[in-house]
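First, the structure itself, so that you have it in front of you.
In order of appearance the chains are A, B, C, D, E and F, and numbering begins at 1 in each one.
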Amino acid sequence: MDEEFESGVVKKFMYVNRKAPYGTIYALEVLEMVLISAAFDQDVHMAFLDDGVYQIKKGQDPMSGAGMKNFSPTYRALEGYDIEKLYVEQESLEERGLTEADLLVPVEVLSRADMAKLMGEMDVILGG
Amino acid sequence: MSTLHTVNKSPFERANLDACLGHALPGDAILLIEDGVFAAMKATNLAARMTDAAKTFKLYALAADLKARGMDPANVVDGCTVVDYAGFVDLAAANSAVNAWL
Amino acid sequence: MKFGILVNEGPYNHQASDSAYQFAKAALEKGHEIYRVFFYYDGVYNANKFGEPPTDDRNVTRNWQKLAEQYKLDMVVCVAAGLRRGIVDSTLAEGFRISGLGQLIEAGIQADRLMAFGD
Amino acid sequence: MDEEFESGVVKKFMYVNRKAPYGTIYALEVLEMVLISAAFDQDVHMAFLDDGVYQIKKGQDPMSGAGMKNFSPTYRALEGYDIEKLYVEQESLEERGLTEADLLVPVEVLSRADMAKLMGEMDVILGG
Amino acid sequence: MSTLHTVNKSPFERANLDACLGHALPGDAILLIEDGVFAAMKATNLAARMTDAAKTFKLYALAADLKARGMDPANVVDGCTVVDYAGFVDLAAANSAVNAWL
Amino acid sequence: MKFGILVNEGPYNHQASDSAYQFAKAALEKGHEIYRVFFYYDGVYNANKFGEPPTDDRNVTRNWQKLAEQYKLDMVVCVAAGLRRGIVDSTLAEGFRISGLGQLIEAGIQADRLMAFGD
């Protein structure tokens, strides 16, 4: 890594996931961003709201019928990269009839108002 | 004369399903595919509307796309039939035209 | 029954091409005929011969090529949409051919059903 | 043209325009389809509904600020290709605060119910 | 600390504007660009909501994208300011972060 | 002020790349700096050297190239997204370079504002 990254600049990054997996590639390619960012020692946050909550739904099986790669196990691997700040919006879950028990990773559930507040504290916001 | 309508977008993100429901004729078939399958699920805040729609239209959801997203085919709204790709082909053949709500 | 297939989006970014492929495969396996597969809009990118997805994922272009080989499919890339986006002779994958939009209209006329897959 | 097109098969084609121009290319590339289809002596219908009604809004000027080509004059040229069945949905206009006077081509305005009925009579439906 | 939010999708087709309005903080700037500019117009059935939003947020619309679509910059809702690309740059510089609602 | 620019969609099909270009141009004309322009997702197609849009329309790839030349912009195409979609050395337009996603994160750290344009 370049030495400039040893300068100690630490920014609050948020990866905002608002899209469902498989219909489009954004969920998958955002994950690739997130994994790379782990190497930069930044303060990484992942937010799941709107259809983004479907990304971490348990029991995904895109291979057998739709013929697509199942990348959902990667969310479980994030912890190994020290990416542990995962936030899910309560209202988004409710609208879709989902609960925390449906999710494949441990997350912090936030109200929409608290999610908005958290977003407001970020330096860099990236999504798909 | 009847039409098979396909809807491939999430009802939470796009207006495609609304547009389809607003233009399909009674008795037409509506097949939910790709991110459209979320609209088929019983527990969402759209479920009452979809159960209702299933009384006017023949409502279907694609099994492969439900399974891809971890949606249990057993939990679709009343009146919705889950079909595989062969069933999709049969629906296209059985109706006289196909209207993809892209 | 004769089906025409229209693919409106490129590979990977949208599921459209995968859905079209699965539909075509199922139709062929049931004994139906595919009159033509036409690639329009960003769909022309499905014919880019340089695409190399990770080996643990499907290869959308190769899926189409294999299906076309097995069933002698006619796979047509729109010349105008392709030129705009840089899918031309030097980037065209085997099994695809470049032709005009008239080939899509013709498919609409000749096929019993035209199936569109897009965004 | 192939001789098979002299066989006299005439189908009802409908080009469904539901997307706004410029944000995406669909409006422009659908027009290219429509122009080609004129050569095939089919029964061509163009429907403008939802955000598609914006495609035929008067006064478009995408070049001066956004740097994109203004293709809206092409709608006026359709008549020269004997494409004269243009339908616009009343409800779509109203939701957007538009009236027939805002449109750059003569059209038939239909209620949503009548548009639905017309769609139901088509053999081939294409959109973007 | 304030954020510039950008919305580039039509409010009639997508849920992006709703998502933005649901998460922007009072005083934040919201800039409508591309197909998002339709939400700025006075005569739509969303106008009351947008006039209201302009009281909580600083609401802007991009001139180039209004003009592209034949939307008269004089007919935006009360409280909405029309800016050019230089103004877009100024807004990005004046706020401490940018959130694109894609 | 230093801006980073992220382009998420390909040329023509979406306005995203045009908007990003107009923003970058306006920022540079006001005397700001563009730290880097990064092309991700379908945005990698902006760097396809074979694209040839109709002559009465803008050429998105050429717009970027000219701006880059005038202001010495660093334009980076994501290697993984590009490989998946077939934007590789043999299709890469002049003025662009291929590199890893780390270059985007770096832009996020080094730039004062990161501007994303997409679908």
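FYI, contacts are C-beta pairs under 8 Å (C-beta built on N, C-alpha and C of every residue); 3 or more make two chains touch, one makes a residue touch a chain.
Every value quoted in this text rests on a predicted model; they were computed, and no experiment measured them.
Using the contact threshold fixed earlier, the set of chains in contact with both chain B and chain D is C, E. Remark: among chain pairs B-C and D-F, B-C carries the greater number of C-beta contacts.
The chain with its Cα centroid farthest from the Cα centroid of chain D is A. Centroid distances built from C-alpha atoms place E farthest away from chain C. The centroid of the Cα atoms in chain A and the matching centroid in chain C are 33 Å apart. Computed centre separation for the pair chain E/chain F is 24 angstrom, with centres defined by C-alpha atoms.
Centroids of chain C and chain E (each the mean of its C-alpha atoms) stand 38 Å apart.
Residues of chain C in contact with at least two other chains: 8, 12-13, 15, 19, 22, 41, 54, 80, 114, 116, 118. Shared contact sites, meaning residues of chain A that touch two or more other chains, fall at 22-25, 50, 65-66, 68, 124-125, 127-128. Looking at chain B, one finds that residues 8, 12-13, 15, 34-35, 64, 84-85, 97-98, 100, 102 touch two or more other chains. Contact between chains, using the touch rule, shows up for A-B, A-C, A-E, A-F, B-C, B-D, B-E, C-D, C-F, D-E, D-F, E-F. By the touch rule above, chain C contacts chain D in their complex via residues 6, 8, 40-41, 80-81, 100-102, 104-106, 108-110, 114, 116, 118.
Against chain B, in their complex, chain C makes its touches with residues 1, 3, 8, 15-16, 19, 22-23, 25-27, 29-30, 32, 112-119. Chain F makes touch with chain D in their complex at residues 12-15, 18-19, 21-22, 54, 56-58, 63.
Of all residues in chain B, only 8, 33-35, 64, 84-86, 88-90, 92-93, 97-98, 100, 102 touch chain C in the complex they form. Of all residues in chain D, only 1-2, 4-5, 9, 11, 13, 25-26, 29, 32-33, 36-37, 39-40, 42, 124-128 touch chain C in the complex they form.
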